[in-house]
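Scrolling down, you'll hit the structures one after another.
Two complexes come next, and they have one chain in common, chain A, joined by chain B in the first and chain C in the second.
Let's look at the complex of A and B:
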């Protein structure tokens, strides 16, 4: 073989990139996506006759760092059995030495793409509640996601909402940070950080020198951006949830709707530069959204008397209309018979 | 070649060594340095020759002389000691060195012969010229420099894959798996037919079962991948650089 044509090189590239599934129960169908350390392939489980998604390292990893991280991700996913978290079926090493894990193939759309299509604000908020529920569940199991963003949320055709990509998740130690630190009280500095970060929503994930993804600007809490890895707790994820809420609100603003102040306040509270000022848990954040949807006052937004009346009027508008209609009809009848 | 077979072995597991020719080229040990330069030149001399042909519009003979002269200077003047992988890719660094070399080139006939004494790598210029003519690029000397970087990259990949295929053949012969290589050659490399043969057609042609075709091809591709990546690893200085280069080599882009 003296010379390789461009076509042969393309075939060799493809053959070199494709995972070698020989000796496994899986048959490769196609590559679905590529990320920082590996790719996700659609494959068929020949034993069970179903489609699965397989996450595989792209290249050999002689340092073992990436392989360890992928295995860790598989173990974390396996430990989090929840309808909002994709279940892991299998994990192992391929004949070519690459580490992989197989998971449920989720047919659906990423939240960022889903949001591009018309969707009502209440509909988006109900999706957001499901995300909060899933993250709250992970937190109760001592797992931080650390890279929550619309690109890592999948929405299914039957209302499924799944939180994906737990590749940089952190398992919380017993010694969690719950009291404000000097860094947290440095209000001004932190708010500057927030202004710097809260700009774009579509930047690629940051990587360490070893290629480890730490988070995504615009969705990453200031303390996470500073690299305070040891001091991160659930409130870093709550910041990211706030950024997702802001994204969902902004997406629906493209129409004619104006954003309710209570929702803006919820997002701001979740994204406060000071971790202690954020919601204490993802459940609390989800509950505030539920209160908003039910027309109840939210924790994040203290109302004045007029706002309370206005919200009350909106909440009971049907009853108010019926009573007013009754009073008007009754007044007309009285007027008619007296004439 | 024997080194390649030792590195990964038929198991196809990760190579045990992380020898970097780029690092070794700056070694104090002359033997180590010589070995490293041979590895680098084996991969880069053809792309450099073709680059000189197209970017500097040199004739076959001039490009041949310039390539030899440049490689000789690369070794004698230890250009690679200035290479900083944090600042540029090796290909870009070499391209810039070639450009400087051409700009300062003086045609002293006595110097032209020196390359032959220094280089240990066989330079098949006739073959390189045939390749150049066969896949003539539409680029002209006036094209932007980025186009030439892409051209150099493409020719580097072509040369790396060509060397990997050659090594794969030796590997298969050594391990009594020549049929595996022949299937790989027929299915993945052969451009004589308009469309690739099916596994069934190959099974009939080679007188084996279709499952054997699948398994043999999987083996050959696995070994090809291992050899190609090992060659690439030699051209990088760190694990992170290797992973970045490997993803580019295999056409795996983040999305």
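Let's look at the complex of A and C:
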């Protein structure tokens, strides 16, 4: 009898775990990510001739709970039509019973990897503003992300900034989402339990025994870490945004000058342990970053007179240099005419 | 800050300095206040014109040339009224225009009110 090598067995296992896309318009190319609930595959849409990403449950779900969660995630994504959120193209069930949904394949780099490369602080802050805009949009639609972190942000080669992985999203208020989904209607009774979904992020999020994802250490708000799920609101995401800002500041700080105090104050305000002391909305946080970039005073940092003068001088440095240049030239002219 | 306001402020400030430097010419010291006022007004007017030009034409070279021309022209009028000090008035006046022309091309918001759609 010939024994199979470990490598051959691993290959067979891997092939066996691959989803069967027969009967769908998609052709599997490769697995690109995997998480607690399912995996994300790169596939080709044979009908439209384009590449898509497909999130598929790892196993057929006999209880229907995981399937409902994945469907719900798809419906949440579909309800959030925004340039900063990956669009869902399709959803359904495979021949083997596994639920899936297809979405735009995002080619780009995760924010944590992007920030490892050289990038200016203003450039990073502009990306951060886009993240704030996207999160603010989701909040206005009544959706809380709950797992915002650099690994869940994608930056595209043409300046795209996409907030990914809405797997642990929570609906704050059903009537704030434009259209109630069939999955939500079907699972109203178990809504509390089903508010949390698994994630496909490479950095594992914490889960409770009942499947309630708490978020990612270092990026989740204290109230979220305590498992105070019912009291979570937009300010939990604002805490995570503050942590992302802190990450971006720290990344750009390496080997350069010290971080501006106003920026540190913005991150601190966003990450205040008391939710009421944080920014009231993601838009407000984004606007404070915009004020910083424009050389204006920020809400989070009250300045003294000297700091105001210093900021003013930086903001109008060109005009000041030009006036000084004029004065020097004028002095030279006076000297020349008086000879 | 839009380009016109930027030009107005910078032109005004340089105009004040331009007028104040006449203190170094003893012969005109008695008319210092009038010169400063006139020079400031000249700077403000030149700044507005250069700012308007910068909002319409996005070209550093043309902006600088236009600024220089406006500065020289206004300074010429002043010198012509004085019938004297052509060089002492026109050189700094041209310099003011040149600086404002450069600054308004480089800085300032060029956005205009959105056009109405029917």
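Note that the second predicted complex is superposed on the first by the 295 of 339 C-alpha atoms of A that agree within 3 Å, B and C clash if a C-alpha of one lies under 4 Å from a C-alpha of the other, contacts with A are read in each partner's own complex, and residues count from 1 in each chain.
The definition used in the following text is that contacts are C-beta pairs under 8 Å (C-beta built on N, C-alpha and C of every residue); 3 or more make two chains touch, one makes a residue touch a chain.
Because the structure is predicted, anything quoted here is derived from the model rather than measured.
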Touching partner for A:22 - first (chain B), second (chain C), both, neither: first
First (chain B), second (chain C), both or neither touched by A:334: second
Chain B versus chain C as contact partner of A:9, first or second or both or neither: first
Partner with the higher number of touched chain A residues, chain C or chain B: B
Touched partner set for A:58, first chain B, second chain C, both or neither: first
Touched partner set for A:250, first chain B, second chain C, both or neither: neither
Partner chain in contact with A:318 - chain B first, chain C second, else both or neither: second
Complex interface listing, chain A residues touching chain B: 1-9, 11-18, 20, 22, 33-36, 39, 58-63, 65-66, 95-97, 204, 209-211
Chain C residues within the chain A interface of the complex: 6, 9-10, 13-14, 17-18, 21, 24-25, 87-88, 91-92, 95-96, 99, 102-103, 106-107
In the complex, chain B residues that touch chain A: 12-15, 18, 127, 130-131, 134-135, 157-158, 161-162, 165-166, 169, 185, 188-191, 196, 214-215, 218-219, 221-222, 224-226, 228-229, 239-240, 242-243, 246-247, 249-255
Chain C-touching residues of chain A, taken from the complex the two chains share: 318-319, 322-323, 325-327, 329-330, 333-334, 337-338
